[in-house]
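Both of the next two complexes hold subunit A, though its partner changes from subunit B to subunit C.
What follows is the complex of A and B.
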């Protein structure tokens, strides 16, 4: 009889990683299922919403090969409650499975595993490798700026593009929601298929981020892109993303080149000040006003129902007075992904894009946030 | 525990003429009416002594004089009525902040939560009547009911100086034999159509199958059925002097009913331009576009669309209203079109990185300046011609 044995903690870890992918689309019942295949002392778990797919590889003691497809949520709920120890899962008639652990017995309804959509195929030898922590940092510092809504500009995607950095090979990630943009460059070996750039859906990229948080720090991530999909191999997980077809806006064109008003600001002080002033900004607009004078920044906000607020901050600035409105959240989220004690803010006027970057000593920076002002 | 919803409808009795009677004691007790200033004007308010002669608001002065030669006519002083009304609304706000001013002489009050402060609805109603009588020397009628429609009915049924409470459990009994036209919102034309279906009373209206009503009256069928049953969930919209405009819209009745897409498109464009022009003048941006279409049989429908970004540009508004227009199938020639923009906000707009709105905005500003100076439609888009 086809069955396998597995350690509860191993199965639970795999199931919890893969949960996020299943059940998002309910029109096809099988997509809320998890596909299991056990062979050669390995259990493979597969979930997909047809845009993002994921495969987990877990060590198991396989007695006879088999496949099954059961509700991902229900299986997860059951396994979560089981005592630590060995779980036996066996295949039954009509695609049912039987799960036993110590004295607990569960029989689960299943669907025909052959009906489960297969993941796009890939060849491991095509993978390029970059450090997992580098990829995680790059995603962390960009994904927040991507739009959560689909729009005609495909800005719910995150751009992965090959980039020369000081003459060396590198990877660039870009995300924008049309109001602000975040960009990061990191040196790494070339990745096949992204010479002209590919667009990955925000949801899928967030899944990659989640898995990256689970793997060991020094692990390498294998990446490979074909015409339609991107493949990310992280430890025992593989995440497959369907690429977004369509044009990404010309982001290079909106990177300001003549912002001549340059302000150096202490990051933590600026962050705290923004948070305080934002409490008095109207909820819908979140608009606040920044007034720059010589070595001084005054932040003000006004709420039609509650009142107003003002705070001054010492900054390094030599230029003429300038008053600009911003969405406080955009500035806060940009500051959150800057790691240096000081940041550089560069402006032109109250209607042109403003750049924020970490203050680094090595000339042009490898990380950039652009925030478009608000008319207040 | 939350009290049951309790709504007041306060209706001033023969408001304009009562104000005049208060200020001119010598006309009291005689047939009298307020009229406009021009010779072709109409009666705007008649007192209860004039009403037995059949004189009512809207009747021409000539006709009123014919019916009652002794009728005393007073030329209306609108600012006096507005001032009086605003003092009355202040009195009402002393009882609850939730006051919806329905017109110059009537208001809705939601006293659901004020009941915890004051004893009973009747107590509040008597307090209101007392204060209006003492401070303004005027009388009013008050309807108390679980919703706006029934409250309005209540104040109408007991006039003048009346007070009527409609309890939830009495609704059926009160509506059973009430002619449909007594309900606010059912005008003579609609009442005629209902009668042609054999529906004379609210009770009958409530019993009529929904399918029949929707088949005959379209979307308002559902509302009619609810009216017959005495149901009304319409929220009370508190009035605040400071309150900003909620929407900006224009509508136009076409010269003749038509289904010609070219003509209709042009009208939509004109309406969109007009709306956007007013929005810019008053400094608004809006996020929702609503299209109103009235067909030749007066069947009217509205459909709206929420935009991803705020706008005050006529071509944007046109693009969206046209999209709505084309999403509807139009079974009959169209009589009226309307375009409204809501979810308005004054200034405070997030600029976009990729869409170069700046240029377009300065173009619009320049066009507005020219049109302000030389008159509307001096400079417009080629698409209009």
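What follows is the complex of A and C.
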């Protein structure tokens, strides 16, 4: 009889990583399922929403190989409650499975595993390897700026594109929602298929970030792209993302070239000040006003129901007086992804986008946020 | 000019405790406000939803006494973001207040503080004192069983009633939602006004629990009741609850007297088993089946979409076979409030309520949960 044995903690970890993929599209019932295949002392778990797919590889003692497809959520709920120890899973007739662990016995309804959509196949030899922590940092520092509206699919994606950095090979990530943009460059070995840039769905990129948070800090991540998909190998996980088709906005054209008002600001002080002034911004627009004078920034906000707020902050600024309105949250989220004690803010006038960069000893920084101004 | 100074951390603690009371009833705008009165080096904060009222007393440096009424939520949001240090609050014209802290300046819209509903007055000398941890334990072990439907007001309340315990003075708390009941007795000094029992609203009792979680463990709590209200003095907080009018169900009649099937069960094992079997109970009814045989309990469940589950548990039971259905969550919540390694379950037949008690060395236990059976 087809069955296998597995450690509860191993199975739970795999199920936990894969949960986020399943059950979002309820039109096709099998997409709320997890596909299981056990062979050669390995259990493979596969989940997909047809845009993002994921495969987990887990050590198991396979007595006779087999396949099954059962509710991902229900299996996870059950395994979570089981005592630590070994679980036996048996294939039953009519696609059901039988799961036992110590004195617990579960019979789970299944669907025909042959009907489960297969993942695009990938070739191990095409992977380039980059440090997992580099990829995680790059995602962390951009993904927040991508649009969350799936309908705006061309800016719902995160752009991955090859980028020379001081003459060396590198990777650039760019995300925007039309009101702000975040960009980061890091040196790394060349990745196949991203010469002209590829666009990955936000949700899938967030799944990659989740898996990266689970693997060991010093692990390398395998990556490559073909015409239709991106492949990410992280520890025992493979994540496959369907690329977004269509033209990404010409982001290079958006990067301001002549912002000549340059302000150096202590980051933590600016962050706290923005949080305070934002409490009096209207909930809908979140608008606050920044007034720059020589070495001084005054922040103000006004709420029609609650009142107003004002605060002064010492900054380094030599230019003429300037008043600009911004969405406070966009500035806060940009500061959150900058790691340096000081940041550089570059402005032109009250109608042009500003840039925020970490202050580094190197010339042009390898990280950038652009925020559009707003009328206050 | 009327103003006072206060430590940020002191004000924040008071505002945080009082937040839960405000803003629930939006029909009367001033109820989303907090009433502030500063006099004699003290700031009083008052909030009320007309059913539950709360007064916080905070040390402050008062330069000239005054009163104000401002949005509780907005003031809390602002104070939370302020740096540690001293805050100055000034009364302005048209009921506004001005709040400054270091370089931050806020002007907050206010309403006429004279229009803020006053709390019922209380007399310090009427308080009886009981240990805060005793009251907290009694609330923790009963309040979960009270109905959350405010429309069912007579069982939405928690009954506080005087109770002799082995001939000594004590307090009993009882809560029920019609499907289960929880009761606890603890010795303590007599409390004025509860001879015939008083009924307190669940929401207000939860606010008391929240405050009890904040005061020091060994603090005493002052309590008394008059015809219409209950008064609780906890550290620097006073909570005033309007009593629920109406007849509480005759709970003593509900306590089974002739449950002759007595089972002793190891609590943690039972709890884990119930959690597992509950994963296969239907979401709506949460029903599972318990089958008792000599020294053995078999738990089973069945879900129309997902399958079935079964587990056996060793118990101490000498009686005849018996099958009873229960809502798994009611059993789990009862076990959660029992502190002993073993619990006693007492049954009569498949149609009668069962009781659960902690197993203690004393005769009748001072804590009891009753759960109604269900047809599975």
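Couple of notes before you dig in:
In the analysis below, the second predicted complex is superposed on the first by the 372 of 376 C-alpha atoms of A that agree within 3 Å, B and C clash if a C-alpha of one lies under 4 Å from a C-alpha of the other, contacts with A are read in each partner's own complex, and residues count from 1 in each chain.
In this text, contacts are C-beta pairs under 8 Å (C-beta built on N, C-alpha and C of every residue); 3 or more make two chains touch, one makes a residue touch a chain.
Just so we're clear, the structure is a prediction, and the values are computed from it rather than from any experiment.
Applying the stated contact rule after C-alpha superposition, one finds that A:367 touches neither subunit B nor subunit C.
In the superposed model, A:48 lies in contact with neither subunit B nor subunit C.
Legend: residue contacts after superposition of the two complexes on their common chain; A:236 is shown touching neither subunit B nor subunit C.
In the superposed pair of complexes, A:313 makes contact with subunit C only, with no contact to subunit B.
With both structures placed on the common chain, the touch criterion links A:327 to subunit B but leaves subunit C unconnected.
Of the two partner chains placed by superposition, A:32 touches none, neither subunit B nor subunit C.
On subunit A, the surface touched by subunit B in one complex and the surface touched by subunit C in the other have no residue in common. The residues of subunit A lying in touch with subunit B in their complex are 149, 151, 153, 176, 178-181, 249-250, 254, 282, 284-285, 287, 325, 327, 351, 353, 370, 372-376. Of all residues in subunit C, those touching subunit A in their complex are 71, 74, 77-78, 81-83, 96, 103-109, 272-273, 275-276, 279-280, 305-313. Residue ranges on subunit B touching subunit A, taken from their complex, read 308, 345, 347-355, 358.
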